[in-house]
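Next come two complexes, and both contain subunit A; in the first it sits with subunit B, in the second with subunit C.
Here is the complex of A and B:
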């Protein structure tokens, strides 16, 4: 059976035009998806966590849930972390678990676009949904972003190739890439500007000054001749509608949120000349959703502490890496993430010392160091729910096939844990 | 659920002509009834009993308010809310979290609140948040005034298709009313420009705001939608704009209203659109002009958008206005354009007592409320959080009901307020009956929510009890009024006590209301052809994934509409 217009649960593009063939309860083919999407759909059944375990023994789901409840209810300061690769219902439950236990809840934004959010809290941002850019942008700038290798269909679906209402496809768009090396995205650009590593802040601030018509008394900034920057600023001012996409090249290099602050400032400034917007290239398919749900429920997008009975926000203090590295948390609940593989070594070391409960589909370094592992369904393939695209558009994920027998969604398992914790607290 | 009887209160139920009589109110199975036996008794002697409050314009759910929450940790920091055995934790002040929004409205005796601006592409997000707002009933108004299809059908003069589109879109977004924000202006803003006045040019379509308003108002009335168009006029925030506002009202006058009502337009947060003068230095009140017009005409209702002197967060679907505000203030600015449909902006703003223009704006809001004679035409809002957070409603009530309260505030203001508004010479003070009209009965009537805003048999059992004796109260004691209306003695929602002595005691999930208007099959089939073609060309979401699924309205009340078709 063919299912059309399926939403892809892989990256922040959330492409919603996949055609998935389901035969005998299995995904047998997929059309329109990128190679990563194809791989996710075709291989979602491989290397699965075969059964729930607690303390290295096989358990049924209820026993594993009980073990999880025991760990979390005995913890003085649990960390609940992950959540960017699952749907919003699960995120909602995870937040409530943090509230009930007086713990800390954080999502993976703290290690990717956290600085973007900090900048937004300082200066705001001028943004647009991806269709605005498709329909109107005659100039597109990728800054520290490499969609050709990270967001595979971004260029063809949204930003560069497509025909829009007022733009006749690729030829009608000027594409500029700013990066420290000539990436694959840079190779298809009209202009590539190679910037010295960690030079972004200076370059962006220089461009802001140039937009304002200030004279700059230097020959080059971060390896870029000033005339080249002047030419770029002129081109940007002459565009009818410009869009800047930025990635971790900007958020995680020196300057971090100050880089984004400067980029936002430049784009805002450009709006006094013409129309300009910027969009962060969000990685995990629902990291934007994690920030969104966190924000409407607690007021804060990530790094939320409930130890005082109300939500407090302090990135750098209540962020997962910092809590682990300082040895502050004494238990962890990990959902849809693999911090043992991706965190700095000090943080990962502490994770190995404390009891960890992990909800996962596949075997990962994190499941290997966990006290309790509960297998879960893959959202968007085996479970439905909501996800938010990188530009904030919410889409419905579908359940295409049944999960393996005895396996439930993240939301269902988290609900069981939550109810158990509420009972235990009585 | 046990039946309830509220005994011996002074009941204000203007829709049923009850003005402070001592009565018992009985309810069973979520509805007001004549008699109950073995009911839980609530003693309301010496207290005020009113229908639950109905707020017809507030920003409580969706991308705009969530951007506000996201960008303002400093706002949350001064107003944190602990969890209790019944309630969730959260934050308050100008951008409250969803749970806190529900609690705080209920604590003031409000039981129904309308989200005033839903971008269609963001509808799923709006409904996710609405489902996380406990206690109150709610609805969201879908943005139409800058939608591609609206503009296209207006340009083509294809009125039947425009009507079909409105009906289809309300269904697809689970929307309750037709919201229009700066018609044409937001479309021009997508190129960084605006439209000025009713006869300005909407560039890529070569039509005018006048045509957009006319088309949508006609469609609205012919479809027989429960509420009129809900209109944020052009030129918001520009001194001299009262003229545009009156001209816009005049446009709606030519529209034939739906059977059974006289109104064809609701003008929102009118304070921001009632400015006289030429610039922010010589701005003065245009309220007398607007009041004069509204007093002479029966096709208009409006709400105040009353200004509060505090630090708040402005957020509208009016992108170019928020850009202008950013340029004026230099505060942080978020702009958010939505493909094919809408836009929005968010800028924090502090209304100050020593700011000449702000004090004039404060006076304008109250002048509108006091100079428009018929309270059924003018409703109390702060356009939360634009004029100020909704938690300041009791303060606004005090200003409406007590000249003393107004004078005490005026003494602390920049004197411009005295010179440039006529407020100091206005002696009117609202009665409790009038207060009930502008906060529940009138708003429910304007919205066409027949089961809300009154306490007649068959109405929803949404009731508020306030600890204030209206026979003893005097306007000089306005602080007691503020206190009583800030924390209801009891709030009953759907026949269940949800607040007692100002504390939330239960958190049932209220219903989301939306309108399902019938479209003839043939017209719908034609419309779908257009939608399929243009979605494929211009949207980044497929038509199939666009409509909001049933799962997003876990508790819903569907209002049928039909209307006239050729």
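Here is the complex of A and C:
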């Protein structure tokens, strides 16, 4: 049976035009998806966590949930982390677990576009949906972003190739890439501007000055001749509708949130001349949803501490890498994330010292270090739910096949843990 | 033995995405992240042949991985896909932002060293220090 308009649960593009063939309760083919999407749908059964475990012994789900409740209820300062590769219902339950345990809850935004959020909270943003950009943008700038490797259909489906209502596809769009290396995205651009590593802040601020008509008394900034920057600013000013997509090239290099502050400033200056918008290239498919649900429930998008009984927000203090590197947390509940494989070694090492409960579909370095591992269904394939695209548009994930026998969704398992913790607290 | 100074850039690759969706223990994932990309000029300076390991070291740590050539890189810049091997060389300081630096890091590269398996990398997390 062919299922149409299936949403892909891999990256922040959330492409919603997949056609997935299901036969005998298994995914047997996928059309329209990128190579990573194909890998996700076709391989979702491989390398699975075969059963729940606690303290290296096989357990049934309820026994593993009880072991998780014991760890979390005995913890003085648990970290609840991950949540960007699951659906919004699970995220909501995880935040409530943090509240009940007086713990800290953080999502993977803290190690991707957390600095973007910090900057946008300070200076605001000029934004548009991907649909509006597709229909109107005649200039697209990718800054520190490489969608040909990380968001594989972004260029063909949303930003560059498609024919929009007011733009005749690729030939009517000017595409510029600013990066420290000549990526595959740079190779397809009309203009590639190569910047020295850690030079983004200076270049963005220089461009802001050029938009205002200021004279710059140097010949080059971060390896780029001033004349090249002047030409770029002129081209941007002449666009009818410009879109800047930026990636972790800005958030993970020196300057971090201040780079985004400068990028927002540039887009703001551009709006004196024409229409320009700015969109972060969100990585995990529901990291935008994690920020959204966190904000509904706590008032803050990530890095939220409940130790005083009410939510407090302080990135740098209540963010996962900082809490682990300082050894501050004494237990962790990890959902849909693999910090042992993605955090700097000093932070990852603390996960080996504390009891960790992990909800995962597949074997990962984090499951290898965990005291309790609970297998869960793959959201968007074996469980339905809601996710938010990188531009903030909410889309519905499908349940296409049943999960393995005795395996439930993240939301269901988190609900069991939450209810158990509430009982234990009575 | 030649040692070269470089700036380390990390990031995603499509191969890494394909591999992680198959599974972290899969050959596809491990091959995609247990390696660095070097420009042809730096390969020549290092004198390494295909299949030779290289060791990447920063002020914070070092790790040995495989390498592949990338003509899109300038001399002095290496690209390290995100993953358990790259994590060995990042510092955990976040400058009060929550975000460790993962791009634009000064590093040294030299030929040689022993490439650890995924299981050995995970076990090393249990070690003190």
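Quick note on the criterion: the second predicted complex is superposed on the first by the 426 of 426 C-alpha atoms of A that agree within 3 Å, B and C clash if a C-alpha of one lies under 4 Å from a C-alpha of the other, contacts with A are read in each partner's own complex, and residues count from 1 in each chain.
One rule holds for everything that comes next: contacts are C-beta pairs under 8 Å (C-beta built on N, C-alpha and C of every residue); 3 or more make two chains touch, one makes a residue touch a chain.
A quick note: this is a predicted structure, and the numbers were derived from the prediction, not measured.
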Subunit B versus subunit C as contact partner of A:73, first or second or both or neither: neither
Touching partner for A:5 - first (subunit B), second (subunit C), both, neither: first
Partner chain(s) touched by A:292 [first = subunit B, second = subunit C, both, neither]: first
Subunit B versus subunit C as contact partner of A:392, first or second or both or neither: first
Contacts of A:307 with subunit B and subunit C, given as first, second, both or neither: neither
Subunit B versus subunit C as contact partner of A:120, first or second or both or neither: first
Contacts of A:342 with subunit B and subunit C, given as first, second, both or neither: second
Where subunit A meets both subunit C and subunit B, residue numbers: none
Subunit B contact footprint on subunit A (complex, rising order): 4-5, 7, 16-17, 88, 92, 96, 99, 117, 120-132, 134-136, 157-158, 163-166, 240-241, 268, 271-272, 274-275, 277, 291-293, 295-301, 306, 308-313, 386, 388, 392-396
Subunit C residues touching subunit A - in the complex, by the definition given at the top: 7, 9-14, 17-19, 21-26, 60-61, 70-74, 77, 79, 82-84, 87-88, 90-104, 118-119, 121-122, 125-127
Contact footprint of subunit C on subunit A as seen in their complex: 10-11, 34-36, 39-40, 43-44, 46-47, 106, 110-111, 114-115, 118, 146, 148-150, 152, 180-184, 186-187, 194, 197-198, 248-249, 251-254, 256-257, 283, 302-303, 315-317, 319-322, 324-325, 338, 340-349, 351-352, 362-365, 368-369
Interfacial residue positions of subunit B with respect to subunit A in the complex: 61, 63, 66, 69-73, 76, 80-83, 88-91, 95-99, 121-122, 124-125, 128-129, 132, 190-192, 204, 323, 326-327, 332-340, 346-347, 537-542, 544-545, 549
